[in-house]
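Chain lettering (A, B and C) follows the sequence in which the chains are written, and residue indices restart at 1 in each chain.
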Amino acid sequence: MRRGRLVACVSLLGLFLAALVTSLDYSLTDALGPGPGFFPFWLSLIGAVLTVAMLIEDARSQDATSILPNRQALLQGGAVLVALTVAAALLEPLGFRLTMLLFIPGLLLALGARSPSAILLTAAAGSFGVFHVFYYWLKVPLPIGALGL
Amino acid sequence: MDTFGHLATGLAAAMSLQNLGFALIGCVLGTLVGVLPGLGPAAGTAILIPLTFKLDPVGALIMLSAIYYGAMYGGTITSVLINVPGEAASVITCFDGNQMAKQGRGGTALGIAAIGSFVGGIAATIALIAVAPPLARLALSFGPPEFFALMLVGLALITGLGGRSLLAGLVMAVLGLLIAMVGIDPVRGAPRFTLGIPSLYDGVGFIPVVMGLFGIAEILLTVEKPYRQVIKTKLTSLIPSREEWRRSLGAIGRGTGIGFFLGLIPGVGAIIPTFVAYVVEKRVSKTPERFGQGAIEGVAAPETANNAYANAAMIPLLTLGIPSSPTIAVLMGAFIINGLTPGPFLFKERPDLVWAVIASFMIGNMMLLVLNLPFVGVWARLLHLPYQYVSVGTLLFCIIGAYSLQQSVFDVGVMIACGLIGYCLRKIDLPVAPLVLGLILGPFIEKSLRTSLEMSGGDFSIFATRPLCLGLLVVAVLVLVGSLLRLPPPEVRQSSA
Amino acid sequence: MISRILVTISGAALGLAAATGSAGAQDFPNKPVQLMVAYPAGGSTDVGARIVAAIAEKALGQPIVVVNKGGAGGQVGWTEMVRQRPDGYYIGYINLPATNTVILDPDRKAIFTEKDFTPIINQVLDPGVIWVRADSPYKTVHDLIDGAKKAPNTIRTATTGILSDDHLAILMTEEAAPGAVFRLVHLEGGAAQLKEIMAGNIDAAFDNVGSIMTRVKSGEVRALAVMDDVRSKFLPEVPTMKELGYPTVMSNSTRGIAGPKGMPEPILNKLREVLKQAMDDPEHVGKLESQGLAIKVMVGDEYARYFLDTHAKAKKYTEWAKSRPQR
């Protein structure tokens, strides 16, 4: 926990400092009062100060519990993230239906689903079924890719 | 004709078989719209407007209004079951609602939400009937300076959510406020912090962020556990226990009041009443550490406030013709297309129409309760499917939701990134709630400050010379001082919301 | 042997390309057409789009799906549109002068210019209007302008957004009446204006006829002037700025449909024909007019010229707006 918190504090500090520097590009005051840079500047400053305080407090803590993800978390959580990212990347080129046709069974299998009929049914419903409902009934556009699907 | 006379005529009209049917269809469609991802009430109502062209004006309005408050309830279902807010206003319900679901009390959560919504809605409608015009005038006295002061009160209330570590809560709140600054600024209309990406010009996108921070993070946390069940315990009784009833009563009462008064103020979005009700409930509770762990008041309060707000927000629309939120603006557009301009004129000239619509609110609220309560068990049981299917279903849901907001893959990407971030935050025990609330309040604060200064020509004394504004500022200071005084000593371990 | 195969393949490929090329125009459309609205669902442009789409898709033979791509005052949607293929399957609304000001504002860093669009057809022309509360001391535009001259920078005047057509219109008015200075308050949309005027936080507002027509009729607000060539058919008793002696103050907001640049002529013609037919349809006219939106159909070159004219005019006032200090 302690190490995790320290890493987080340092990253937050970096973020606040980057925001602080960027906010200087925008004028701090304006003829009427605060300019576009005013709030970002002060917020980043306060944020940075508070993060340093938190850093000090965490450095003193003795919590040695590890928060590193175990093997299962890495594999399964990683599978979820990878699947999501790939799906997002393919969503517009391949279109909704094809992408979901790949995503759904892929992730189901990775997470341990075993029944072929259930997987296929879910894949069909989740890709073509859902598309039909949204696109034709609700008139909510979902992407259609290069292959016309 | 006095008020009760009007109401009686209105009820008679609203209870015609045809209008009852419209209300029913509206409630069903609305709930579906609320459940479906991405399709917020505004978009859903807009899409369904052409449907109403063939209907008579009153019928159309009854249906559209039913869709509106039906959608408020629909969003709750996904918040409780899969920690994905179906729409912005349902975010707060995620905090305790999902925890309850994981403890096997999902049905109870949905049930109390339905009941609270009903009470809030009916109470607001009754108040609407009794005191509409004078109250509406009062709401007009809320201008940009008062709004700014109100937002400061909100900000002061956030400090009450820090939980375990006030410092962590503050850092997260500041982070949320800062992220809210991304986009086109209200001062010059120029992009700020957008890194040259046009998709960021309108800000980071609240819905993708919360879908990620809550929904996706939840899934990532679920898949790392050894057991194959999403819910730890079996589905217990759907009915709240006596103890839970007792606790919810107060929450429902307070939620109604808060939702109602905030609904009268034009410009207050639907989220604000839910978050105020939640924080107030946590404050008055003798055991605030239960919040965030499945406290039933944590569901009852925001849900009641939500519905009280939705019904109360119709008051400025019907009496003054002023829409309180983008969703109501869509409703107003629907009125106008059907040839009726809501406002004092319509109220005076066509009371039969206006009162029929008002009466139908009461009926609609009742219908929602009757429709939703039986299904609560069905919804809750969905969670007992094998976790792979629930997870993949949820992810599908989230992808559609994030994408369909603006037909943008960028939003999906933001959601995924926030999923990872939310996961990390939960692991290291940094509270997510203040972050979300900072994100909500940020734009309001800056914009209302700017508009106030434009009005006064740069004169800051405008905040001190307007009595209501001054009063609110004092309240904000009092709340802040109150939070700091209540700080528990550092050794006391409390859980973060 | 190999060369023969290559020749056959390339011949087939060329033939296929030629066939799809011309078939593209002949069998357009063979799948749904996306109509982009650069604002969130439920807004005035969006509702108008849905009405047109519902009628036009019957004649077109394929669904017309309204796609909302709101954000940054329209910039997000227009950025998306110019990146699409000009094959007629993705068209969208442009709102003038909003589109113009986004291009002209250097801070916005728009990736498109006025040359990146193919204007197809215009739907609505909503003239600008100056209005006050019904019990306001300003009974005519002259009262308002005199007030602005006597006490410069005190009359709180609302727009519907920074660099909106209303904002530019206020600058036009100040230019036409030297010495008149208004205190600008940028609100977000007509509803906010109504609220603040009713609450007494704002003294006067510049907006468009469509937004307040119904309120004028009910007597809640008073329209002082309309910024058009001729009187609005919805507000026939309201004089124009031209009549009142300020002929240069002409402002309006138009909504029309365009596509990315480079759309082939046959597809353009088909779209224009179908959309014009839909816009002339009495149901369309009725629904839009009930909201106070004046239909002004401009097709083809007429619309293209209008686009460029608006652009030139907006340039001057946008530069002025960006350069003057926020008072």
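In this section, contacts are C-beta pairs under 8 Å (C-beta built on N, C-alpha and C of every residue); 3 or more make two chains touch, one makes a residue touch a chain.
Predicted, not measured: the structure shown is a model, and the values here were computed from it.
Peer 1: Which pair wins on C-beta contacts, B-C or A-C?
Peer 2: Per the contact counts, B-C leads.
Peer 1: Looking at mean CA positions, which chain is nearest the middle of everything shown?
Peer 2: Central by C-alpha mean position: chain B.
Peer 1: So, what's the distance in Å between the C-alpha centres of subunit B and subunit A?
Peer 2: 23
Peer 1: For subunit B and subunit C, what's the span in angstrom between their mean Cα positions?
Peer 2: Going by mean C-alpha positions, subunit B sits 32 Å from subunit C.
Peer 1: I'd like to verify one number: the distance from the centre of subunit A to the centre of subunit C, where each centre is the average of its C-alpha atoms, in whole angstrom.
Peer 2: Those two chain centres are 35 Å apart.
Peer 1: Return the residues of subunit B touching two or more other chains; collapse runs of consecutive numbers into ranges.
Peer 2: 47, 187-188, 190, 407, 454, 457-458
Peer 1: Could you check subunit A for residues that touch two or more other chains and list them?
Peer 2: Subunit A, residues with two or more chain partners: 30-32, 139, 141.
Peer 1: Can you tell me which residues of subunit C touch two or more of the remaining chains?
Peer 2: Subunit C, residues with two or more chain partners: 67, 326-327.
Peer 1: Quick one: which bits of subunit A touch subunit C in the complex? Just the residue numbers, please.
Peer 2: Contacts found on subunit A: 30-32, 135-136, 139, 141, 144, 148.
Peer 1: For the complex, give me every residue of subunit B touching subunit A.
Peer 2: Contact set of subunit B toward subunit A: 36, 38-39, 47, 165, 167-168, 170-171, 174-175, 177-178, 181, 185, 187-188, 190, 192-193, 216, 219-220, 223-224, 226, 228, 386-389, 391-393, 395-396, 399-400, 403-404, 407, 409, 412-413, 416, 419-420, 423-425, 427-430, 446, 449-450, 453-454, 457-458, 460.
Peer 1: Name, in rising order, each residue of subunit C that touches subunit A in their complex.
Peer 2: Answer in residue numbers: 31-32, 34, 63, 65-67, 325-327.
Peer 1: Could you please specify the touching residues of subunit C with respect to subunit B in the complex?
Peer 2: It is residues 40-44, 46-47, 50-51, 54, 67-73, 75-76, 79-80, 105, 107-109, 111, 153-154, 156, 161-163, 183-189, 191-192, 194-196, 198-199, 201-202, 214-215, 217-220, 287, 290-291, 326-327 of subunit C that touch subunit B.
Peer 1: Please name which positions on subunit B make contact with subunit C in the complex.
Peer 2: 42-43, 45-47, 49-50, 53, 140-144, 183-184, 186-191, 196, 198-199, 201-202, 266-267, 320-323, 326-327, 329-330, 332-333, 336-337, 339, 341, 343-346, 406-408, 447, 451, 454-455, 457-458
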